[in-house]
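Report on the following structure.
Naming follows writing order (A, B and C), and every chain is counted from residue 1.
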Amino acid sequence: MVKYISKRLLYMIVSLLIIITATFFLMRIAPGNPFTSEKKLPPEIEANLNEHYGLDKPWYVQYGDYLVRIVQWDFGPSFKYESRTVNDLINDGFPVSLTLGLEAILFAVAVGIVLGVIAALRHNKWQDYTAMIIAVFGISVPSFIMATFLQYIFAIKLGLFPVARWETFSHTVLPALALGATPMAFIARLTRSSMLEVLSNDYIKTAKAKGLSRGAMIMKHTIRNALLPVVSYMGPLAAGIITGSFVIEKIFGIPGLGSHFVLSISNRDYTVIMGVTVFYSILLLVSILLVDIAYGLIDPRIKLAGGKKGE
Amino acid sequence: MQQISKEKFQIVGVKASDAEKISKPSLSFWKDVFIRFRKNKLAMFGIVLLIILVFMAIFGPYMTKFDYASNDLMNTNKPPSSTHWFGTDDLGRDMFARTWQGARISLFIGIMAALIDFFIGVAWGGIAGYKGGRVDEIMMRIADILYGVPYLLLVILLMVVLGANLTTMIIAMTITGWINMARIVRGEVLSLKNQEYVLAARTLGASVSRIMGRHLIPNAMGSILVTMTLTIPSAIFTESFLSFLGLGLTPPLASWGTMANDGLASIQYYPWRLFFPAVLIALTIFAFNVIGDGLRDALDPRLRNKE
Amino acid sequence: MDKILEVKDLKVSFQVYGGEVQAVRGVSFDLFKGETLAVVGESGSGKSVLNQTVMKLIPMPPGKITGGQILFHGEDIVKKTDKEMEKIRGKEISMIFQDPMTSLNPTMKVGHQITEVLLKHQNMSSHQAKERAVELLRLVGIPMPEKRINQYPHEFSGGMRQRAMIAIALAANPSLLIADEPTTALDVTIQAQILELMKDLQKKMDTSIIFITHDLGVVANVADRVAVMYAGQIVEIGTVDEIFYDPRHPYTWGLLASMPSLDSSHEEELTAIPGTPPDLTHPPKGDAFAARNKYALAIDFEEEPPLFQVSETHFAKTWLLHPDAPKVEPPEAVKRRMRKLSSTFEKPILVKEGN
């Protein structure tokens, strides 16, 4: 267990190092970046950058300082706005994004599992087809299209929900639905196929041969085992929610970290792009690691030895 | 007891032809897959949809007298009509021509991404799986670590730095996109290479490239095909996603993503400007997804036995 | 002896793409209390379907019982609803499957998988059930059962898993145990242990066993009577002695001749049965075995053979027993083993016309 986690931790750190290094050097070759010499920056910002990156020092010193600062949880200043730092943006926007993300995850997991279970238990019946058409629809319609249509129909045309902004719970409904729709569809399909797989196993026949009722058989022997793959989907789910939030927050005018990130992209605010990317990467890699560890704890077959299903 | 004539009790023995006769016509693997695929109504619908989309992408821009890039400032933001079938945009460009021009670009990006993933992935995964041992270990460690890099974040970063055009977009998408294919190919090769017929080919002195080309890759082709079919919609999605973030292609070039992004700003007043590209993005992704699913179901022998 | 199971003219088919597979085509047999009946045949002969039908475990649809009766203690199982079957499964009839690797739930502790049956059928408190589970594991020969009940199946070896399966199957003292190739997936040495265990427990609990297998060596070891199945029908049924020492059906001959034995001399060759079993979507006309039978008569290709009775307990379904049929010599390997059994009738009696 300890061995497995430390191995995974090591991988994670290497991946992270690649991302940090890549962002650092990519930003240096970007046209109009803060590290080029012929820049015309307002003096205050230049002072900020100089203090943070030491622009007059050689690149390897800059790189080393940059790494140290990230370990200290300092993601640097903005290249465009004098009084802002990436940490400000994160403290300001991330709680909003987190709320939205959790709502979307809750929706995706709850509805996805229910749809998937129903579809599997009614395999090749109309319930199955309906659930799978919903799922194919959810997968095929990108979240930003879903978002604009939801907004157009339920907010602009029908007036059932607020069009934009982030104030009350009802402001969160449409964005969370739009953000959760695609993962919901994936979870529904995953649950369905894994339920069908489990249902075809011999031990289900054993359960039936024991005289268990259909309900007991499904609850005790099927769903638990069928949900294991869904747990391992939580990592990609987190990634989907984070990237999805960029566009969803933009469309609904939500002041989350995603909006800040998108804004920094259109402003070419390189240092913010760099800092937020690194922050998101840490967030993602840590959540994927946590999911994997959780998976190992839930599934007794995995002893977290080599990360493989072992005998 | 009924009377039965004596000669009926002659021993006739095994009729060799009968004993070995197989009553069910035997089908080659791909023929079987094809039959199963054809039974899948959703997948067939996807094929029809795709044929229409490709047809329109090729011929659509020539069906109207308007050019996709020429402005007409007298006719801006016109709703769909008999002259402008899909309406016009804020510069008075014909949406019908632009939409199908955009189809070319979106499909091109999807197909290129799938092809590049295919070549890198098959080579990488094939070598890792076939060589095994240390080589495999090192190659797959590299893939694992790259796989840990969040895909869309990296793509965004690259697009910011490299600037948006067709080439950079495809490079950004494939820079870690091939890993999925490599893993799948490696898995297949690993499980296939110890099968008796491959061992047999090896004992007969077949060369590595022959074994790969004749035995391993063809047998892994099913999974490869499914992965490719599912790469295309994901690339189309990524393209439109990037356009939405303002990292898309620059005018006058039009992709569905940039058109949808342009349309978004004015959705309250000119909803058709979003409607056509958005619906086409969704339809295309839908078509590829159901074809991919249909292929996977048709290829999965376990499913074949179950029904 | 009490008859506990009576199967009468049972027919089961499956609706599949391309038609209807007639997996079981008119099977009749009886089972007595405390007796072991072996059902032998090639894969696809319908032996597993037949026995899963007795517990109504075949998936319906696509499976369907198209005719016949299954009388268990005089009550027809075919007519029972799923709810009624729950009271029979596990309690009256239980089943052991072929592969102990897959027939236990991998994510549930072994103890829990045993207590589940007890809680369902025996009105026990969970504490009592746990004690009983320990007792059962000890009974099936698993050392340190107190520790073992808290382990997962993957911590058990193959043989131990099959022992655990037997414990589950016998937990509620069923009157009938169906064992579907319970030793096929195990090592030969473990096979013998499991067979011994089953015989031992049968004696203690007076359970009837239907033992499905394709291994005639196992049959000789455990069975009182043997039913030979081919293409969804029982082609010969009799006591172990009758089947081994006085087989009458050419298919049984084929099976026996293809069975290696330690005492057979080197020169003696094993003979395989040519060809493959017929496609049961379109069962052949006449005798289903005719196409692979080197003793096939002309009539075998035209009419289904009737059932002949050879002794009080021995029946065979072949035209070779017809008074007009030529006398044929069984293969050498079978002939060597043949002996005169005292119970055999003077002449075979026709008991049932072929359909």
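The definition used in the following text is that contacts are C-beta pairs under 8 Å (C-beta built on N, C-alpha and C of every residue); 3 or more make two chains touch, one makes a residue touch a chain.
All values reported here derive from a predicted model rather than from experimental measurement.
Enquirer: Have a look at which chains touch which and call the overall pattern line, ring, star, complete or other.
Expert: complete
Enquirer: Which chain has its C-alpha centre closest to the mean of all protein C-alpha atoms shown?
Expert: So the chain sitting closest to the middle is B.
Enquirer: From the mean C-alpha coordinate of subunit A to that of subunit C, what's the distance rounded to whole Å?
Expert: About 54 Å separates the centre of subunit A from that of subunit C.
Enquirer: Compute the distance, rounded to whole Å, between the mean C-alpha positions of subunit A and subunit B.
Expert: 24
Enquirer: Please report how many Å separate the Cα centroid of subunit B from that of subunit C, as a whole number.
Expert: Centre-to-centre distance between subunit B and subunit C: 49 Å.
Enquirer: Considering the complex alone, what residue numbers of subunit C touch subunit B?
Expert: So the residues of subunit C touching subunit B come out as 16-18, 274-276, 278-279, 281-282, 290-303, 319, 322, 324-326, 328, 350, 353.
Enquirer: Subunit B touches which residues of subunit A in the complex?
Expert: Touching subunit B from subunit A are residues 11-12, 14-15, 18-19, 22-23, 26-27, 29-31, 136-137, 139-142, 144-145, 148-149, 151-152, 156, 200, 239, 242-243, 246-247, 250-251, 262, 265-266, 268, 270, 273, 277, 280-281, 284-285, 288.
Enquirer: For the complex, give me every residue of subunit A touching subunit C.
Expert: So the residues of subunit A in touch with subunit C come to 201-203, 205-214, 216, 220-221, 224-225, 228, 299-301, 310-311.
Enquirer: Write out the stretch or stretches of subunit B touching subunit A in their complex.
Expert: 42, 144-146, 148-154, 156-158, 160-161, 163, 233, 237, 240-241, 244-247, 260, 264, 267-268, 271, 274, 278, 281-283, 285-286, 289-290, 293, 306
Enquirer: Quick one: in the complex, what on subunit C touches subunit A?
Expert: My answer: residues 55, 57, 82-83, 85-91, 94-95, 97, 99, 102-108, 113, 116-117, 120-121, 152, 154, 165, 168-169.
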